[in-house]
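Here is the structure we will look at.
Each chain gets a letter, A, B, C and D, in the order it is written, and its residues are counted from 1.
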Amino acid sequence: MRDTDFFRRWMDTATAAVEREADRLTELDSPIGDADHGSNLLRGFMAVRAALAAGEPAVASPGEVLQLAGRTLISTVGGASGPLYGTLLRRTGKELGDAAEVSDDALREALYAGVGAVAQLGGAAPGDKTMLDALVPGVAALGTSYRAAADAAEEGARATVPLQARKGRASYLGERSIGHQDPGATSSALLLNALAEVAEGAA
Amino acid sequence: MRDTDFFRRWMDTATAAVEREADRLTELDSPIGDADHGSNLLRGFMAVRAALAAGEPAVASPGEVLQLAGRTLISTVGGASGPLYGTLLRRTGKELGDAAEVSDDALREALYAGVGAVAQLGGAAPGDKTMLDALVPGVAALGTSYRAAADAAEEGARATVPLQARKGRASYLGERSIGHQDPGATSSALLLNALAEVAEGAA
Amino acid sequence: MLINSAETVVADALRGLAAAHPELDVDVERRVVVRRDAKDGGRVGLVSGGGSGHEPLHAGFVGPGMLSAACPGEVFTSPVPDQMVRAAAAVDAGQGVLFIVKNYTGDVLNFEMAADLAGEDGVRVEQVLVNDDVAVTDSLYTAGRRGTGATLFVEKIAGAAAEEGAPLEQVAALARRVNESSRSFGVALSAVTTPAKGSPTFDLPVGELELGIGIHGEPGRERRAMMPAREIADVAVGAVLDDLAQVAPADGPVIALVNGMGGTPLLELYGFHAEVARVLSERGVPVARTLVGNYVTSLDMAGCSVSLCRADEELLRLWDAPVQTAALRWGR
Amino acid sequence: MLINSAETVVADALRGLAAAHPELDVDVERRVVVRRDAKDGGRVGLVSGGGSGHEPLHAGFVGPGMLSAACPGEVFTSPVPDQMVRAAAAVDAGQGVLFIVKNYTGDVLNFEMAADLAGEDGVRVEQVLVNDDVAVTDSLYTAGRRGTGATLFVEKIAGAAAEEGAPLEQVAALARRVNESSRSFGVALSAVTTPAKGSPTFDLPVGELELGIGIHGEPGRERRAMMPAREIADVAVGAVLDDLAQVAPADGPVIALVNGMGGTPLLELYGFHAEVARVLSERGVPVARTLVGNYVTSLDMAGCSVSLCRADEELLRLWDAPVQTAALRWGR
């Protein structure tokens, strides 16, 4: 069973990963985007860290951790990734309800729902060269292990390189979007890798 | 004695020299000016060539050649160099009167007056890092030969390098104007060199 | 860059806006710029917003006859829903609020969330999506056409209608009609440098240009060797007119916006406009009104865009109506 | 560059100006831009001009309440006397004409020649020299202070007086008073690229800036490592205020112009203005009026200048008077 602290550590580890990788994410967002994905997520996750540290409003369950994180992302990120990641975490958190501890199965189910909400909100499908190309295979591999999920997401992010974008601003480029890795898929892989690290006790 | 054709050839040769050297003049005008001296003179001397070719108004004497050239420069160049070179040629032309042929002595006297008019109009003195640093020594050496005049002007232009500008826009730079050759002094040397070439029958 | 730090660029600009324009109510912290008299007169409220870096859009268009409020996001990043919710509350005088949204995934999602939240707060909200950029094919395979220069047409004309007291549904319908009557096409002669990145977002050598760009420093649909202004005008105006041909009346007059992307000197913009006017005249399109300048920019990008709006009598009358904002002022 | 060719840049821009502004009488061939109703009303004529590349100065300021005519030269090159003679003839309604001349050797010489010629044609001509740039020491060892941003103050305020029907001597005296009450200081963050040269006029690496620049792409008095906006404002406003201290009343309010050089985004200009306003407030200088934007530019140069004019009631009243030009519009 995973307790509230596990989810706090997931968000902390994700924040650290975004801090470390922000420049690379912005770099990836330059040739096929508007060069802000790294600074967007950095702003958002710094706010998540602050909100969780403040512990306000009282965060007493896994579901509340993710919902607070999601709301914070929505209120601080902007852009496409703010509402999408915000919805991912809020919806996942809502699915977890107010249980003090959740099973790995429950978390997997909840993440499924969260990813579904992202797909519905953004109208994208796998293959469109978006964060879903990392999230969908990642969450599908959760049945195996957290590490498998992280690896599948990482693999999915890399597999966006040859794709032509059909959603998000990279789609404006048409065929010129081919040959670049999607920044959102890359950050999604970071998020699932942070989860694996925490599950492995590495963080 | 120098006839009308001599003066036409002087202007033609000067025009050809400006065509050839325009880029260098603009280049010299970049670090200590506004990067237009070459295009300014090119525009002006192309108009002089056209005006003389049109022969209109009837240009029947050395004095009229230079006055037409001077008026044309004033009406087409603009900037600091337009009125200054225009005045140089107009005043020199006026001094020559309407004689059909003029002696080398008369030309020297007239150029003296022309350079004096430039000094008066612009308020500059030798050593201020302007065209006068080429014109004054150049015209002074006319007593020796046209070639000596051209060489002295060329020497005077080169000697502007270590000077600090006190007139024209290079003066805004203060000490930073030191170390660059003055574009106007350089074009003045071209003008006197064109005169020497024509006198030597090289053109 | 002329900044204190990348992190404070937007807040600093809002402080400067507040200092320069006492007639605006600028909430620097919460990033909402409101016309001081927004609630007087019982008008429909007009709220727009989007990433910063397109100045004077949108904050420069807040004032009598145009927007009631603007919500600036981070540079090139859509604002967050909290901003629009706050703006809606600040301008709603009971007549409802129109959100003017440029069609980018981020803007659409954030405004959508804001509309839901504002609705829950009891504000009647309508939305209009601006999607005028003909460089993007509007299909299942893209996020749809981008919103660019026509945003100015929509904000000006809808703003005039709201100022006259038109009800929400009518202002919204008018805004949609303006959008549907408008098309744009943009060209970049240099990449853009964002404060966060500090270097050009992509590599565009001198002597090449990008055709079909947006306003976020993204590359366009196609790269070409540099062309003279007259050929660029042929391509840009041609693309706009071909697409506009579907809009009735096919031979009506247009309002023309020749817009600088920020880094192109006004001297060049006017020269470019000479060519735009030539193409329009060659194609038999009467130009009823013209605007040349930097209105919907992309930071320091060199380049320009052409926007045309087919305008009937009503649209022209509303276009001519008085406007008093920081960046657009005429009449009265 | 967005041009047809370096040779046609100015002519092309004038064609575009004519197309965009039917209220102006634009002689493309002879390079004179005249307010159509210049001779109606028997006002004093106001003529200015200078090299192109500083747009919207001067042509953008032709119209009711400001200039009667403008004479654009080649890029960064003073106009030729023929232009000003023609402009004087076009605007003189018998009340005489004021030439507003920025203090550069070329402008001074060409306007001087024009004044002589126009005088011979029977036009009463007065001249005012604008020399507001405190970066240049006004001494025997320079060509004197440059004319930069204060030109806008002079043209606006003298234009308002002329519009009200003030006689030539009074308009000229007022213009001189505005100039004497005004000071400016400029900063470059990049060099400028002229159409004729096609590459930056000097080498200014990213991460360095030039202090004390003019508006012709020339380097400044000093090069420094890049500074944050707040320090640039300290230096620029400090230099202006220290020099302005000699002008009475030493504690009066000022009109502030925070001017972009062309290549700096408006977002950054407003952020810079926040710092300018801070310095002014720290030094106890009340700001009566503010203008932030690209008004006296240097083509695509990144950078800005600060101009301050110490204004009494009369100057403020004339500043506020209606103006209807392409680039400056308020009142009425």
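In this section, a contact is a pair of C-beta atoms (placed from the backbone, for glycine too) under 8 Å apart; a residue touches a chain by one contact, two chains touch by 3 or more.
These are the chains along with the protein names UniProt gives them: A, B = Dihydroxyacetone kinase subunit L; C, D = Dihydroxyacetone kinase subunit DhaK.
The structure presented is a predicted model; accordingly, all values stated were derived computationally and were not measured.
Averaging C-alpha coordinates per chain places the centre of chain A 72 Å away from that of chain B.
With centres taken as mean Cα positions, chain C sits 31 Å from chain A. Annotation: 53 Å between the Cα-based centres of chain A and chain D.
Spacing of chain C relative to chain D, judged by their CA centroids, is 29 angstrom. Shared interface positions of chain A, i.e. residues touching 2 or more other chains, are not present. Looking at chain C, residues 75 sit in touch with two or more other chains. Judged by the touch criterion defined above, the protein chains link up one after another in an open path, with no loop closing it. Pairwise, the chains that make contact are A-C, B-D, C-D.
On the chain A side of its complex with chain C, the touching residues are 26, 30-36, 38-40, 43, 74-84, 121-122, 164, 166-169, 171-174, 176. Those residues of chain D whose C-beta lies close enough to touch chain C in the complex are 1-5, 8-10, 12-17, 19-21, 52-53, 55-56, 60, 75, 187, 189, 228-230, 232, 258, 262-275, 277, 287, 290-292, 294, 297, 299-300, 302-304, 329-330, 332.
Residues of chain C that touch chain A in their complex: 6, 51, 73-82, 104-106, 109-110, 113, 135-137, 140-143, 146, 194, 196-197, 201-202, 214, 216-219, 221.
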